[in-house]
Amino acid sequence: MKKILMASAAIALVAGAAGAEEIKLGISVGFTGPLESLAPQMAAGAELAMAEVSASGLLLGGSTVTAVRGDSTCIDAAAATATVERLVTAERVRGIVGGMCSGETTASLQNVAMPNGIVMISPSATSPALSTLEDNGLFFRTSPSDARQGVVMTDILLERGIKTAAVTYTNNDYGKGLADSFQAAYEAAGGKVTINTAHDDGKADYSAEVAALAAAGGDVLVVAGYIDQGGAGIIRGSLDSGAFDLFNFPDGMVSQALEDRFGPEITGSFGQNPAAAGAGRDAYVAMATAAGFDGTSAFSPESYDAAALILLAMAAANSSDPAVYKGKVMDVANAPGEQILPGELAKALQIIAAGGDVDYVGATAVELIGPGESSGSYREIEFQGGKMNVVKYR
Amino acid sequence: MIQVEHLHKHFGGFRAVDDVSISIAKGSITGLIGPNGAGKSTLFNVIAGVLKPTSGRVLMAGDDITGLPPHALFTKGLLRTFQIAQEFSSMTVRENLMMVPGGQAGETLINAWFARARIRDEEAALRKKADEVLDFLTISHLADEKAGNLSGGQKKLLELGRTMMVEAKIVFLDEVGAGVNRTLLNTIGDAIVRLNRERGYTFCVIEHDMDFIARLCDPVIVMAEGRVLATGKSDEIMQNEAVIEAYLGTGLKNKVREGLA
Amino acid sequence: MDFLNAIVALLNFVIIPASAYGAQLALGALGVTLIYGILRFSNFAHGDTMAFGTAITILVTWGLQSLGVSISPLPTALLALPFGIAATAALVLGTDRAVYRFYRKKKSDPIILVMASVGVMFIMNGITRFVIGVRDIQFDDGVRFVINAREFRTATGLAEGLALRSTQVITLVTAVLVVWALFWFLGRTRTGKSMRAFSDNEDLALLSGINPERVVAVTWIIAAALATIAGTLFGLDKSFKAFNYFQLLLPIFAAAIVGGLGNPLGAIAGGFVISFSEVAVTFDFRKVVAYLVPGDWTPDGPIQLLSTEYKFAVSFAILIIVLLFRPTGIFRGKSS
Amino acid sequence: MTLNYRNIALFAGMALLLVLEGASAKNAVFSGSWDTSLGILNVGLISAVLALGVNIQWGYAGLFNAGVVGFVAIGGLAPVLVAMPANPGAFSAGGMGIVAAFAAAVATVWAAVLVNRRASFQVRLIAIPVILIGGFLVYRAFFGPASSAIEAVNTAAAGNLGGLGLPVVLAWPVGALFAAGAAWVVGKTALGLRSDYLAIATLGIGEIIVSVLRNEEWLARGVLNVNGIPRPWPVPREIDLQSSADFVARAASVGLDPVSASTLTVKLLYSALFLIVLLILIWLTQKALASPWGRMMRAIRDNETAAAAMGKHITRRHLQVFILGSAVCGLAGAMMITLDGQMTPGSYNPLRYTFLIWVMVIVGGSGNNWGSVLGAMLIWYLYTKAESWGPQLMAFVTSGMADGSVIKAHLMASAEQMRLLTMGLILLLVLRFSPRGLIPEK
């Protein structure tokens, strides 16, 4: 054992220096479990960024990047910890895109990533608790925290003159956190939340939830859920029963699937998701389509951005050692520097190699503030004529 | 010892036990006979607390014991055996006996963990007693056999043995002779008589073997179609018109059926 | 007018959705109860059997759609249903041969069969995902509404809308047909009668010359058909996602048990008891009450017994209360 | 366990798997990481405790508890309430209201039970619903304001009652007590039911307990999770070790880098703690099984009718083992939360915490404590390893196919699903070919 440990320590030392190497990045998302339908697109997104960098041959003297997938199950902290343990100590990954859900992310961060000094960038864990967690500067996320979106939603609703809203949220920390922060912001701004109630994902039937929402009433229904989970059931039920025909869709809902499924029926409904002005998101969606997966699926763009950030930070630090490049993540994500969109990673690497600055914008307008989370700019979308149209960016 | 007063047990419209009043005297070996479906086993099961009566009372030494659960009756000294022997099949014969006495110190978990010495003494005493019982029943050689491997008759003996592990006041034996060969039946009969004489057990025995009943029982109660037909000494019963008719009736019916078949 | 509004609101949000959901649960519970009646164990794999059947039906539906076959205004999936049933029947018969028959021959304790069904559940779970993946799939085509809420409002001038989806109607009609067919089968045909005899008294049935393996096979085929139909109707009405069908297992069990295991009538009643209680106990009656009382009496807060977070707990609370008073269900089911 | 060669070999084999996991070079089967190996061992030890709890219920008494997840969850509540710091002002805001609400609930149930026992049928028909609904409204009147008041205190970071700030190890027996309390209520109501009905009633009760934990934010923040549960004595934090010069020097003296040394130290200390708990439990359960108490329990499981006729109080004994088994499950739940360092009510899923535990008990050998321990270790090992084996197997299977082939993409995409499928397959194979498990009850 001693020998092996020494050997691996030696490898780690060697890996720290620049020179072509095979860099492994872990992807820890819930391929099984309640959000299993989102995981494949997230992993594909992250792998897309890695492939792009590998193909460019411009990272750390032509290093290649390989993805190692791990199943975090989304809900089982023990299994997630074991998975990340494997990624870190056996696969020797140099960074992790993940975890998926806040609970599992916290567990694997505190029990594995932090002790081993590995950088984790979560595309989808949004819990405010993660902002205050002690993380040794190792944890970042490309999804904005709930508090920010709550404020953006409030602005959008009030600008549209909507004074009462019913809120239904998916019963996990993402949904609950978002719904609560929205309610706080909205009511502080003079709006009225008629009801703020949960729906469980993966349940058989949502007529009870729709009935309760309908009874409470409101000008708009805020669906803080996931499109291919309970969120769709709630919308279906609300539309069919005539309970609501105007909706607000937060980031977990805004996707191609929403347009495909409900487009013509939800004319006038609106939503917001992280994206900056410019072609970032569209570029990503096009790349995803070319690669054969749905880039609009929730948290798939965030996953691409998370992987890209790790790799650009490595380039900027001229090292694949997390202890070194962790300090560069904020630098590459934020201004000053040239703005980088999806598909432009090679360009970014060239700029970095030439000693320039980059400001990674990516598919979701990444802007990291404070303790390494995305402050995010949002785009407001609206459905007209069965299509999802961008109204403006904020 | 036991008084049964106006006991009814109905299953839907079927009156399995229909207004039965009997009494079992202390120290007696009372026989309970009757053709199949006469309600003997149902009566047993009501007295033993397995079935709740539709109406009526059961008294034991003057106390009302109607509807008490089986484990409560056990503590009052009322024990029973079953028509089909109910052994603890995965336990050894000796264990089958040793588990019987109630209130063993080792049956509480705290003692099981922390009063080991006390349990050791208690177990030694129980083991000795169990071996005595096995001796009495002449099945000592089977002590370490799994009870599930015994023959039907041996299981019946074992059941009888279980009643000997405690000071029973009254023991109900349900068809002790069913599936038991003649030699073993005699052994069981001897055991019953000895228990009755030496330990003062009261017995109530359901049996089809008339010789067995005649040898052991006094008095004998005859049931048919849920009612008590007659009560008396065995030789009187054999002469009783109603009894003969009840038995012969079925007998004749059987004959006729056989003839047709 | 207000009274009518109250009635319409109740119909729209409680009675219609709960009836459709109840019919889906009832069909699922019928399968569970039938297997319990004949094979004497609770089949934990039933939810995943439903998922498998639906997955095959969806694949065939896609095939038919690409061939341009359609039975508009009805959904194409109805046409694909027989294929789904056939495939599912083959799968469960194979499972019976590979797994359950061994324990049946050995006369194992029923609980061992329950455990085996848990193993089968895990495996079917995987197979379904291998076949069709983990995504949410919408596969209903044809006409969506019989009555549309908005049109209803304009047509009647009422403030409340009433919606009736075609899938809800299809669900109820199919459920009635299936239940009728099942009872006709059990009551009138020779095989059905022998199944009932077998369920009532296995030994007696064996003595009277019934072939148990045949009865078991027929039971599995019927259960597969029920599962596929229930799963497809459910998927048409909502959408298909493999994960949801495991979750569906719990209310289905609740329905089968509330009604009394092994009792087909009980399963149907149980399905509706569970669906109506889930919707009604967590229903906010404010809107309905507001129509019925004078204006200023209208309450501010919600009038509901429990918030919807607990709707799932409601079905089980009802299950437990029923069992406390009737340990084998409303219709007195079997107990092994 | 009889100390025969077979059983020793089985445990040695299990140990060998873990050693190979740690010591071998990284290959397709083993990860070659001691961290992974010890990580599996630690959760395996907790799973062994959990499996012992289930074995007490199923193996000793034949009670099929399909609501294990509920008792694990309720045990997991203990570390939050015992070890977390208090949320200042929360108790004064609504603590008394909560107490009053529960007093009202208990009084209601008590009154209903009393009426049910004493009154005539007609009175009962009216009185019981009136009492229940009236009591429920009183309960709600106290409970609603109190819980919102608590949730309003420091909402973003806490919003719950908080804990007592005591050492987390104390939470383990408390978790057992919580679960025992819940089991008493459940047992009183459900244990009269027969086999399948009991199974499904407990399945439902488990779901109810979990949904309460998910939705009552005042208690343990519901789905918002509680993070940062303190570590038990004597387990330090890795980063503290890494920053201790003394530790780094000692690590270097045995040829370890500080990071691996710290993670391994922490894991080994956890293993020691869990092992102590497990050994105490095994001692207790083995002694109980070998005592007259165990003989009585076996008799009851063998033949309830005869045991009742021999004076054994079946319902009381069933209740006892149900409570004992659930308490052990609760203990395991508390240990699990301690190891994770957080309470996430959303993670209590019956597949993982009921059915997987069942697989452990069956595979190990129901009725046999050592069997349960072995089964738990083995199944947890396989469950963890299947996560990486599944995709590798698929990669192997599809290696002959052309890149970009639809079938290959489809198979690779489904690879993660191998995990549950494997568990099902193992369960079926064991049930079929070794129905009494790896270490059968003697």
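We just call them A, B, C and D in the order they show up, numbering each chain from 1.
The working rule: a contact is a pair of C-beta atoms (placed from the backbone, for glycine too) under 8 Å apart; a residue touches a chain by one contact, two chains touch by 3 or more.
Owing to the predicted nature of the structure, the values given are computational and were not obtained by experimental measurement.
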| item | value |
| --- | --- |
| Chains touching both chain C and chain D, listed by label | A |
| Central chain of the complex, centres being mean CA coordinates | D |
| Longest centre-to-centre distance from chain A, chain (CA-based) | B |
| Where chain B and chain D are represented by their mean Cα positions, the distance between them in whole Å | 46 |
| Euclidean distance of C-alpha centroids - chain A vs chain B, Å | 74 |
| Inter-chain centre distance, chain B versus chain C - centres from mean C-alpha coordinates, in Å | 50 |
| Whole-Å gap separating chain A and chain C, where each centre is the average of the chain's CA atoms | 37 |
| Chain B residues counted as touching two or more neighbouring chains | none |
| Set of chain A residues in contact with two or more other chains | 36, 40, 171, 198 |
| Multi-chain contact residues (two or more partners), chain D | 214-215, 413, 417, 420 |
| Pairs of chains satisfying the touch condition | A-C, A-D, B-D, C-D |
| Sites on chain D touched by chain C in the complex | 62, 64, 136, 189-190, 192-197, 199-201, 203-205, 207-208, 211-212, 214-215, 351, 355, 358-359, 362, 410-411, 413-414, 417-418, 420-421, 423-425, 427-428, 431-432, 435 |
| Chain A - residues contacting chain D, complex | 1-2, 4-6, 8-9, 12, 31-33, 36, 40, 69-71, 73, 75-79, 81-83, 85-86, 88-91, 101-104, 106-107, 110-112, 114-117, 127-129, 132-133, 136, 171-173, 175-177, 180, 198, 292 |
| Residues on chain C engaged by chain D in the complex (per definition of touch) | 36, 41-42, 99, 102, 108, 110-112, 114-116, 118-123, 125-127, 129-130, 133-134, 246, 250, 253-254, 257, 261, 305, 307, 309-310, 312-313, 315-317, 319-320, 323-324, 327-328, 335-336 |
| Contact set on chain A toward chain C in their complex | 34, 36-37, 40, 171, 195, 197-200, 202-212, 214-217, 228-229, 232-233, 236-237, 240-243, 245, 257, 261 |
| In the complex with chain A, residue positions of chain C that touch it | 12-14, 17-18, 21, 24, 134-136, 138, 144-145, 148-150, 152-153, 161-163, 165, 234, 238-239, 241, 243-244, 247-248, 251, 275, 278-279, 282-288, 302, 304, 307-309, 311-312 |
